[in-house]
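Heads up, the next two complexes both have subunit A, just with different partners, subunit B and then subunit C.
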Partner chain A sequence: MPALAFLAALFFAALIDNGARSLVPPGGAPWFAYYQQLATDPFYLRALFETVALAFVTTLVCLIIGYPVAFYLVRHARAGRTLIIFLLISPLLTSIIMRTFGWRAIFARRGLLNASLQYLGLIERPLDILNSSASALIGMVHVLVPFMVLSIAAVLEKIDPRIEEAAEMLGASRLQTISRITFPLSLDGVASGAILVFMLAMGSFVTLLFLGGGSLQTFPLLIYQQFNTTRDFGMAATMSNVLMVLAALLMFIQLRLIRRSGVT
Partner chain B sequence: MIRRRAHPLWLAYLWLFFGFILAPIAIVTIVAFQAPGFVAFPIEGFSFKWFEKALTYKPFLDSLVTSFQIACLSTLLALLLGTPAALALARRESRWADAIVTVLLSPLSVPLIVVGFALLFYLSRAGLGTSFIGLLLAHTLVGLPYIVRTVIAVYRTIGREMEEAGRMLGATRWQILRHVTLPLIRPGLIGGGLLAFLISIDNLPVSYFFSSVSTVTLPVVMLSYIESSFDPSIAALSVIQLAIALAGLLVIERVWGVRMLSQSI
Partner chain C sequence: MTIITRRSLLAGAAAGVATLPFAHDAFAQGRLTVTSYGGTWEKAQREIYAPVFKSRNAGWDVDVQLGGPPQWLSQIEANASAPPIHVSLMPVELALAGGAKGLFEKISVDKVPNLADVPKPFVDMCEGWGVCVNYGAAVFGYHKERVKNPPKSYKELVERVAKGELRAALPGIGWAFTPTILLWPLAQAFGGGVDNVTPGFEAVKRMRPNSVFWNSVTEFPQLLQSGEADVGIWYDGRIWDAYDAGAKWLAPLNPEEGAAMIPASVVKVKNAPEIGWKYVDAMLDPEAQLKFAKLINYPITNSKVVFPPELRERFTPWEKTQLPPFGKIAAVIPEWVNRWNRELRG
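And then the complex of A and B:
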């Protein structure tokens, strides 16, 4: 099968090649030297922590703000359904540069937000929102929340609404029904959405580059910078390999979930 | 099923959510039409000059041509590679077939920056580092899983009857493929192809590593442009891109229905 051969020759070979580069430093340094540096240098440890922490927080925020939207989409929307899906997908097709540019225009010192707040007299001096971890997080959530909504909606759609009706007839309040019945039943969608968002968040760097302003140093950002300026390719390869292993781990969990729920 | 009327709070929340989703896009659209050369609010003056600048700035145009070539060719290659694989695997129900599908979709799970970085060094050894061919191969790799996934999804919804009828009427395997199967899976080919095309056009993390004078794509040029200046020509260019993408989305919706699309992303 040519597709498989293509992937083997290009994708897997490249990843293995990358792994090999990270294992064996040039110039006779011992194997695993890069990993040793990664595991002992506080700078890299902190970057690893920030990579995972940012992905985690992004996933959590996406889940919290995305779940109600998915719920509405499946349980309430009628004519507006196509419009909602359209509105969810269209940002995915705008360039990442456009969205980053938009957030910069909103958060800048003379941006829309500061100008509005000053106009309303709520603040005297412009706030420094841009280039903080907050603006980076907002940018990340904005990019990734549609994936969460669509993943959850796909599973909610399969839940029979009569189960919810039964719960309410038995005297459960709306909130009780959602928290005790619907949410537990939709955990598969939550999990697959969370894994997807986490995976994408872990690998993104454009949003961080233009909205984080160095407040967060994650692995993808460091790979970009080391490729760009310091040209420390070995270390960049090592970080790529760590990201790859994390991604493989997530994919493994994802596959287990799919098997369990019987959807392939 | 009886759909209940939603509580007003739901609607308020939904408005807020889509306000958040659309805000940056709306702002960019507004900024694209402003007159001043820097982005500041309140906006003063209205102008088309940034569109003019964006459409006459040579690096944008040159890289747009490259982007377009790469997107077209890589989509075509991915279709040629992915369609036979998808057709062969869609109806097999064995552990092996499942495993191969998983392998074919696995590039979706690895961060693109890792794919780009690893591929650059790997292809450099073959002398294809920052070449057009190298970039093309990389984009094909990124687009392939989308094609495989959409074609499998569409092919599975089609029964075997049509192809069997063709066989009974004495058609050769090639004739069945050409006159029965391919027309039936056309929505999948168009949908998956458009997705691969749009993803290639917008790709930054992979293209970035392969950029050289002859292989720089539009997103890479835009990236380096806003690293140095923050004028509205990028906004104007983004609005043009958005218009093209929306047109593509409308085409998918017409051919296929937007719900199919939501399943393929």
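And then the complex of A and C:
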């Protein structure tokens, strides 16, 4: 009961309030005016596309980086296992602002990366790396890849290594064993990691604000702007409702696709 | 020998408990919640203004709530009948917006005696919904070691940044006051204004390829130090703060056209305890205001205060700044933000 009351007060009540705010546009406009604007204005449609595309690419990059790390962690790291887990978790113990400002110091025109490239004679003038979609993506992956690694590692841990050994004894190469045996069996972890990273990336705000420099306009950034600058709470509520429904829909589709591939 | 019986002990305890509410009243009549920005502003509230208020109003304590004005205004709006904030700092735009919604109370000399020593324009600019307690200007800040000949005017800044001779750090649309400190003065400099902001947008567009935008007020010095920019627009008091903290390479410059003046006002929230006015009065106290000016490097508004020469040199004279038409700008901010999103992205 206390948990239900807690949810009712802090989650459902807020959702209902958000829903109500989005249905009362100013100036006697019809109740669906905010939603109509989001659905028909190319600017908002593009922002919605950028939000989903960024979350998708971030998830993909996290998977590409995270799977080998998780595999190494579970199958090969013996003595160094604790150290790897610590290194994975340690960024999460630091304030996101500090991490983001750290990236800024690395990517700046007189930062570590540009200075190193110039020192090595690879570039003549500093590159504009900061305030781009690339720097925003790197910052996002840095923040979110631990979630992917830990989700996959937890499932890989449960796969009996003797199954992989049996496949190899029956003539499968290492690559075949991983692609046909290990990976399909670990899809549950991939799914959990992908959903977790995708959802967090959809709502990401601080990293984009400080590393993206306006190169990407996503819904969380626009919601902040509506709240902070224009004070149009109705529009902010509408955008957050759309974002939430879209996230739930995409999560449902992801789960369906994964279940179709044989993982429960 | 006095014998304490169980009965007398219980009676004594009951009497003690019965008098507790009165004892509480005698020592603490209540708590006043005031707002503050972080950093030196918080220090000023806690160490300068709150002690003045408490010394004059025994039994009252002060809670300082940190954050930003849009958040404070939303909190007040959400619970207007029993506001969680009693006295709040506000930029003039939001003081006017909140006043128009009936969230703040009109100020007067009978409620705030120190108001008599504040020049009238500092009350008029808030239309009576509070008073301006200090002000600063959004001047040019530049890297002295890299920029030997800084731009002297908005027009020169735009030309030199557009050519790529300088890189600029400009306030982005994530900063709530960008319309007032960037778009409006640029529009003014190029023949426009509130009613015609197009020249302001055109100027930003020209600078865009060689500019970075800051969306948090603390980003600016880092952008200059890390080489992302050589010059930009920032607040004069913050420039001197950074200078005193070790950024000796940083210098302010007031453009020829006059930087946008940015006053900070204080408002007393409607339905908050009446004693809130006493806190506003403490914030206008001449002695407290001088301490504040020394701490935070912003000029204050009580005309009785005499600034020491070293402080006066740092302040941008208000007559050499431009006073933005806050009310008019507040009305067009949504339109300007929308246009920025579509045309500039940043």
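What we mean here is this: the second predicted complex is superposed on the first by the 244 of 264 C-alpha atoms of A that agree within 3 Å, B and C clash if a C-alpha of one lies under 4 Å from a C-alpha of the other, contacts with A are read in each partner's own complex, and residues count from 1 in each chain.
Simple rule for what comes next: contacts are C-beta pairs under 8 Å (C-beta built on N, C-alpha and C of every residue); 3 or more make two chains touch, one makes a residue touch a chain.
Given the structure is predicted, the values throughout are model-derived calculations rather than measurements.
Colleague: Assess the superposed three-chain arrangement around subunit A: do subunit B and subunit C clash, or do they fit?
Modeller: Here the two partners, once superposed via subunit A, clash with each other.
Colleague: In the superposed arrangement, which partner chain does A:223 touch: subunit B (first), subunit C (second), both, or neither?
Modeller: In the superposition, A:223 touches subunit B alone.
Colleague: Of the two partner chains, subunit B (first) and subunit C (second), which one does A:203 touch, if any: first, second, both, or neither?
Modeller: The answer is first: A:203 touches subunit B but not subunit C.
Colleague: Mind working out whether A:167 is in touch with subunit B, subunit C, both or neither, as first, second, both or neither?
Modeller: Neither subunit B nor subunit C is touched by A:167.
Colleague: In this superposition, which partner touches a larger number of subunit A residues, subunit B or subunit C?
Modeller: Of the two chains, more subunit A residues are contacted by B.
Colleague: For A:213, using the defined touch cut-off, is the partner it touches subunit B, subunit C, both, or neither? Pick first, second, both or neither.
Modeller: After superposition on chain A, A:213 lies in contact with subunit C alone.
Colleague: Tell me which partner A:90 touches in the superposition: subunit B (first), subunit C (second), both or neither.
Modeller: first
Colleague: Where does A:231 make contact in the superposed view: on subunit B (first), on subunit C (second), on both, or on neither?
Modeller: In the superposition, A:231 contacts subunit C only.
Colleague: Where does A:155 make contact in the superposed view: on subunit B (first), on subunit C (second), on both, or on neither?
Modeller: neither
Colleague: A:43 contacts which: subunit B (first), subunit C (second), both, neither?
Modeller: Second partner only.
Colleague: For A:101, select first, second, both or neither according to whether it touches subunit B, subunit C, the two together, or no partner.
Modeller: both
Colleague: Where along subunit C is the clash with subunit B: 2-10, 74-82, 110-118 or 200-208?
Modeller: 74-82
Colleague: Once the two structures are superposed, pull the subunit A residues common to the subunit B and subunit C interfaces.
Modeller: Dual-contact residues (subunit A): 101, 104-105, 108, 110-111, 210, 224, 227, 233.
Colleague: What residues on subunit C touch subunit A, complex-wise?
Modeller: Going by the criterion above, the answer is residues 68, 70, 73-74, 97, 167, 172-174, 176, 178-179, 212-213, 215-216, 219, 222-223, 226-228, 333-334, 337-338, 341-342, 344-346.
Colleague: Flag every residue of subunit A that touches subunit B in the complex, lowest number first.
Modeller: For subunit A paired with subunit B, touching residues are 1-4, 6-7, 10-11, 13-15, 17-18, 21, 65, 68-69, 72, 75-76, 78, 82, 84-106, 108, 110-112, 114-116, 119, 142, 145-147, 150, 153-154, 161-162, 199-200, 202-206, 210, 220, 223-224, 227, 233, 236-237, 240-241, 243-244, 247-248, 250-251, 254-255, 264.
Colleague: Give the list of subunit A residues in touch with subunit C in this complex.
Modeller: Of all residues in subunit A, those touching subunit C are 43, 101, 104-105, 108-111, 126, 130-131, 209-210, 213-215, 217, 221-222, 224-225, 227-233.
Colleague: Can you list the subunit B residues touching subunit A in their complex?
Modeller: For this pair, the touching residues of subunit B are 1, 3-6, 10, 13-14, 17-18, 20-28, 31, 39-42, 81-82, 84-85, 88, 98, 100-104, 106-107, 109-115, 117-119, 121-123, 125, 137, 140-141, 144, 148, 198, 202, 204-205, 208-209, 219, 222-223, 226, 230, 234-235, 238-239, 241-242, 245-246, 248-249, 253, 258-259, 261-263, 265.
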